[in-house]
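Next come two complexes built around chain A: one with chain B, the other with chain C.
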Partner chain A sequence: MSAVLRMLPPAFWGLSLVCVFAAFTQPQFLSLSFLMILLRQAAPLGLVALGQTFVIANRSLDLSVGATIALVNLIVAHAMWKGYPPSILIFLALGTGVVIGLTNGVLVTVLRGSAVVVTLGTAAIITGLGFLYSGGAPGSSVPEVIKWLGRGRIGVVPVSGLVWLTFGIVAWVLLRRLALGRYIFAAGDNPSAATYSGIPVNRTLLVSHVLSGFFAALGGLVLTGLVGTGALNLGADYVLSSIVAVILGGAVFGGGAGGAVGTMLGTALLVMVLNLLTVFGVDEPGKLIVQGLVIAAAAILYQQGRRGG
Partner chain B sequence: MKGKPEVPPRRGLIARFRVDAFWFRQRGAALSFATLTLMVALLGVTVPGTFFSAVNLSNLAAQLAPLFLVSLGQTFVLLGAGFDLSVGAVISLSSAILTLDMADPVKIPIAFAAAAAVGLVNGWGCVHLRVHPIIMTLATSSIVQGFALLLLPTPGGVAPQVLVQMASGTFLGLPVGLYWIIAATAAAIWLVHGTTFGVQLYATGQNPQAAWMTGIKAPRIRVMAYVISSLMAALAGAYLTGRLASGDPNVGSALGLDSVLGAVLGGTLLSGGVGGPIGTVAGVLIIGLMNNGLNLANVSPYYQFVVKGVLLVTAVSLFRRKEAGL
Partner chain C sequence: MNGAAPAQRQGAPLLEVRGLSKSFGAVCALQDMQLAGHEGRIHAVMGENGAGKSTLMKLLSGVHRPDTGTIRLRGRDVAFDQPRDAQKAGISTVFQEFSLLANLSVAENLFLGRERDRTHRLSRAEIRRHTARALAALDLQIDPDIRVGALSVGEQQMVEIAKGVLADASVFIFDEPTAALASHEVEILFALIRRLASQGKVIFYISHRLSEVFTLCDDITILKDGRFVTCVDTATTTVDAVIQGMVGRPIEELFEPRTGLFGPVLLRADVLAGDASPHPVSLELREGEIVGIAGLEGQGQQALMRLLAGFQPALAGSLTLGADRIEAASARARMAKGIGFVPESRKDDGLFLSLDISANMASAELARRPLLSWVPHMGAQIDAVMHQLGVKAPDAWTRVIDLSGGNQQKVVLGRWLHAGASVLLCEEPTRGVDVGAKREIYRQLRSFAAQGRSILVTSRELPELIGLCDRLLVIRSGRIVAEMAAEIATEDALLRAALPSFESDAA
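Coming up: the complex of A and B.
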């Protein structure tokens, strides 16, 4: 039993605490309609964070997700594609994400650059290319299908939430039910031991980066649909937020209890806390301080538990 | 053990071995200086009149001084196998504290004490609580940025007169930024290459356990590196506050990651123990000359992003490491 409890990510306890707190102080916060709004808001970040889970569990990092989101937005909203079927656009956007992930992966595994610096570099390159492509002007309108992806509802449930849950299940299967997930956690926990036991460490890391690029592009699509128009610098704050969500979900560099479920709970916790603070009238500085304290507390508690166990 | 058995160096060779070890650690710096020479030559050929003009060079010194300070500070942390994301927020915090409505002799020490406290918390979290440096400094950076915005919600306030005088104009015919750069560089090079602390920092960065077993207080050395980094960031904040003559709670946000770039372009590895402040000088100058040169040559700022990214990726790919990842 205690082993099961220890496997639960910090976000689980945090989320329970926040829900109990909200139930006593702001009951309307837990109403179905408000939760659905939160779900819609959390979905883009949730998708990006799912991708980040793969690389962080693999002892790597992807700082280029923000630039990827911005580029996807520029591509989807660019006037050049007016009249093309949206399916081509979606394919193009996701393909861009895969190419970016592949580039990161090759640079990290073949050239052995530090992932922090490599993805920072590719982020700068992507941002520059995006500006050159768009001429510095935000795009115009977004196809209806993509808007529906970001804003639409089936019954009361937002479509973006369903997309998030679907890909959450995909990520869970990849991480916990396939050999790939075993490889990722093994390679993240101890790269040399993984190499000696015959795990294709490099290829695993490459796949992790490709998945991160793909999920970032998917998150960018949903976010673009939610915003509804082209916007410059969309997703800049998603870089750090996605890392925060993964950490709250219990993943640390090199394995850990994290995974798809943890990351989804972490995203939910982050979005809940920030919204709850808004309800209480706490503004930007207070939110930053609380966010920092939550990250520090989660990381320290997790690390202490790991050393003891 | 793989490879050839190592022959212990003979007595007479020890001196040369030391020199070789030095060059081994500075191999990146040598490359950065070569790149730098190439860039200066290129700028001298393409835009000779404007680049070598006194106005341009003094502007360059004034602009690069803060980046020099934070990058040198970041170098200490990187040498100790750490990572400090919080320097940008510390710059902003010191800018906010330095423009508070208080007497100068009170608020200037408070700004530096606050920075030292942030460094101590970073070091304590990374070293003693064993939180990963990226996570720990991400958390503190969020908290510190929050406090900066709490103290100074919008840009404004009045900078201490001392700082305004120390950070603007010229002294003995040279821009004051240059004196800040020279002083900080000299101090950093002395600390790393002229003191026991420097030797211990390299040893700790290469292998904390081995350093501990040889009697080096590795945890203390690593915490000190974080404190130095924060103090240098506060110094950069003081310079920026003096130069702008007012405070800005977001003044450091761009400098946080740029400080890592300066150190990395100078040949300091993120894995610790390789590189040093001499290389960082070249790294920061490369960043400065690249932005300056592309501006002078009228290249679209959009290309500057691309060039910066390509430079970074190239720099980091030049030294193959054993492990892939972070």
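Coming up: the complex of A and C.
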């Protein structure tokens, strides 16, 4: 039993604490209707963070998720697609994410670039392409299906929450039940030992980046549906938030840890805390500071752990 | 080998330990321990992993506090609450992991935390001067201004020792100091330790390597199962006697008997050559056979192993496994066909330290599966391999970072047992492993071979190669220059073949 307790990610304890705290100070937070609003808000970030989980567990990082969201938003909202079936648009959006992930993956594995620098670079390129494509004036013709993905409800449950849950299960299967997941954790913990075990380290890292690109695009779709229109720089803050969610979910910089369930709990915790901060009158700067502290603490923990090991 | 005759073991010891006991929870790590360090003598502390060496040293250096017993320093009882107290009392410990900061210079590192004198803040020039003096006292050619990160592991260790000298320590504790050193660095370290001894310091030296202990040390204290076994003068004891003290049985029993039963050739290299091993190599491994590669350090052993494993592409020649030609296959494809590779550096290249035993053992078997294949539960198979190898751990979910060196090595071997490898390419099978675990590993390798598989092994320890293998190849400058049956091989004969200067003598 204690072994099970120890395996729970930090986000589980954090979430429990925050819920208790909310129950005493802001009981309306725990009402079903408000929780569903939170779920709808958390879903896009949750999807992006799921993607980020693969790369972080693989000892990499994807800083281009924000730019991917923005590009997907601009593509989907562009007037030129009016009249096309939305399925093509969804396919195109997700395809864009895959291509971005593939690009990152190839640059990181074949050309051996640093993931931080490479994805920072592709982020800048994607942002530039987005401006070129939209001419600096984002469109507003978001198809109804996509709006339904972001805002719709089935009963009381938001559609976006169901999408998040579905892909959470997909991510969990990929990480915990397929060989791919074992490769990711092994290559994340020690790439050299993975190579000497016969694990295809490069292919694994490539797939991790592709998955991150795909999930970022999916998150971008859902977020665009929620916002309902094209917007410049949509999702810029998701880079930071997605990393924070993954870290809260029990991942460490340097790879080999974390998971889909942890990341989902981490996302929930983060969204909960950010909303509580809003209620208590803490603005954007305060929220950024809180998230920054989480990342700094994670980086310090990683270094300490490395020294201890 | 010592330049000057060592100080005699007379008079009262500078450091004396009596009746020391320490328990961690229910585990009694040390019981009624005794130890005496005399000025000017180098004192080895030997024992298997888990015998209590590290606990003893951690008690001396203030990391842990003893439950009972006394530590007397210069005739007075001392008690250390924290490492700093031990340092102040003049006990300097050089652990395997250094406490240096890579980004700072040597001088900055040495004076970290003591930039102030009793009266004033030391100037840069003063710090430099003190550093230069401390380095000179050790006869070290290290620039005080160089960044520590730019130094080799050996030089960093020297700086660590200089730190102790600067603190005016009278007792130096070395915990497996040569584990990460190249052979020429070992020589420098030994000279340095002898120099410290000649200045009247007390040296405690923890090592698994018998040859080192016998070249360097004056006294040997042997521990077993947390208890004191004996303390002997190196001059009056033998390697066999020391091993017997540690394991409780004679050395011959370390190795399993050879079977002498070989099947057909399993792996055959025919004038195989690669980038890092340009000289074509031909060799054969038969079913049931353990073949050793002997040679001086850096004669191409590593390159040969990696060429056979497929981490270096083959440029010429052929490699046959059973009936398959595999010289063109990637390392991953070769492993899928039954080649297993145990790299020399367990921590850097072998293990997933923060993952559990299960993930570590399953990795090679999993690597044969397609990326998107479903992974079945393998708990039972992993438990069976753990049981077979005698891995000492609560369960398969234990992280390997928490295991001893011997158990970690068993996990790496278990990986290939689990994967069902038929040929094992094994570098340094017992590096940093205690004698008890060595015996267990030898036994496992022999039983692996006895099942109709074969093993190619490299080792720096000639007695290990002779005892473990059926047949030995000697490698020199990337060429296999001699071959002999292990039964008739001697260290002398192997060295003769391995050393270039002996070639003309032999001819």
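We take it that the second predicted complex is superposed on the first by the 281 of 309 C-alpha atoms of A that agree within 3 Å, B and C clash if a C-alpha of one lies under 4 Å from a C-alpha of the other, contacts with A are read in each partner's own complex, and residues count from 1 in each chain.
Just so we're on the same page, contacts are C-beta pairs under 8 Å (C-beta built on N, C-alpha and C of every residue); 3 or more make two chains touch, one makes a residue touch a chain.
All values reported here derive from a predicted model rather than from experimental measurement.
**Q** Using the touch criterion from the header, give the chain among chain B and chain C with more contacted residues in chain A.
**A** Answer, by number of touched residues of chain A: B.
**Q** For A:Val145, select first, second, both or neither according to whether it touches chain B, chain C, the two together, or no partner.
**A** Neither chain B nor chain C is touched by A:Val145.
**Q** Once the structures are superposed on A, label A:Leu232 by its partner contacts, choosing first (chain B), second (chain C), both or neither.
**A** The answer is neither, since A:Leu232 touches no partner chain.
**Q** Once chain A of both complexes is superposed, is A:Gly113 in touch with chain B (first), chain C (second), both, or neither?
**A** Only chain B is touched by A:Gly113; chain C is not.
**Q** In the overlay, answer first, second, both or neither for which of chain B and chain C A:Leu165 touches.
**A** Neither chain B nor chain C is touched by A:Leu165.
**Q** Once the shared chain is lined up, is A:Val157 touching chain B (first), chain C (second), both, or neither of them?
**A** neither
**Q** With both complexes superposed on chain A, which partner does A:Leu274 reach: first (chain B), second (chain C), both or neither?
**A** A:Leu274 contacts neither chain B nor chain C.
**Q** After superposition on the shared chain, which partner residues are touched by A:Ala186: those of chain B (first), chain C (second), both, or neither?
**A** Touch partner of A:Ala186: chain C, not chain B.
**Q** Between chain B and chain C, which residues of chain A are contacted by each of them?
**A** On chain A, the overlap between the chain B and chain C contacts is residues 192, 307.
**Q** Which of the residues in chain C end up touching chain A in this complex?
**A** Chain C reaches chain A through residues 97, 311, 331-332, 335-336, 341, 343, 348-355, 359, 362-364, 366-375, 397, 401, 415.
**Q** Looking at the complex, which residues from chain A come into contact with chain C?
**A** 3, 177-183, 185-186, 189-190, 192-200, 203-204, 207, 256-257, 305, 307, 309
**Q** Can you check the complex and tell me which residues of chain A touch chain B?
**A** Touching chain B: residues 58-61, 107-109, 111-118, 120-129, 131-132, 136, 188, 191-192, 201-202, 205, 240, 243-244, 247, 252-253, 284-293, 295-296, 299-300, 303-304, 307 of chain A.
**Q** Help me check something: in the complex, which residues belonging to chain B touch chain A?
**A** 83, 125, 129-132, 134-136, 138-150, 153, 257, 260-261, 264, 269-271, 300, 302-313, 315-317, 320-326
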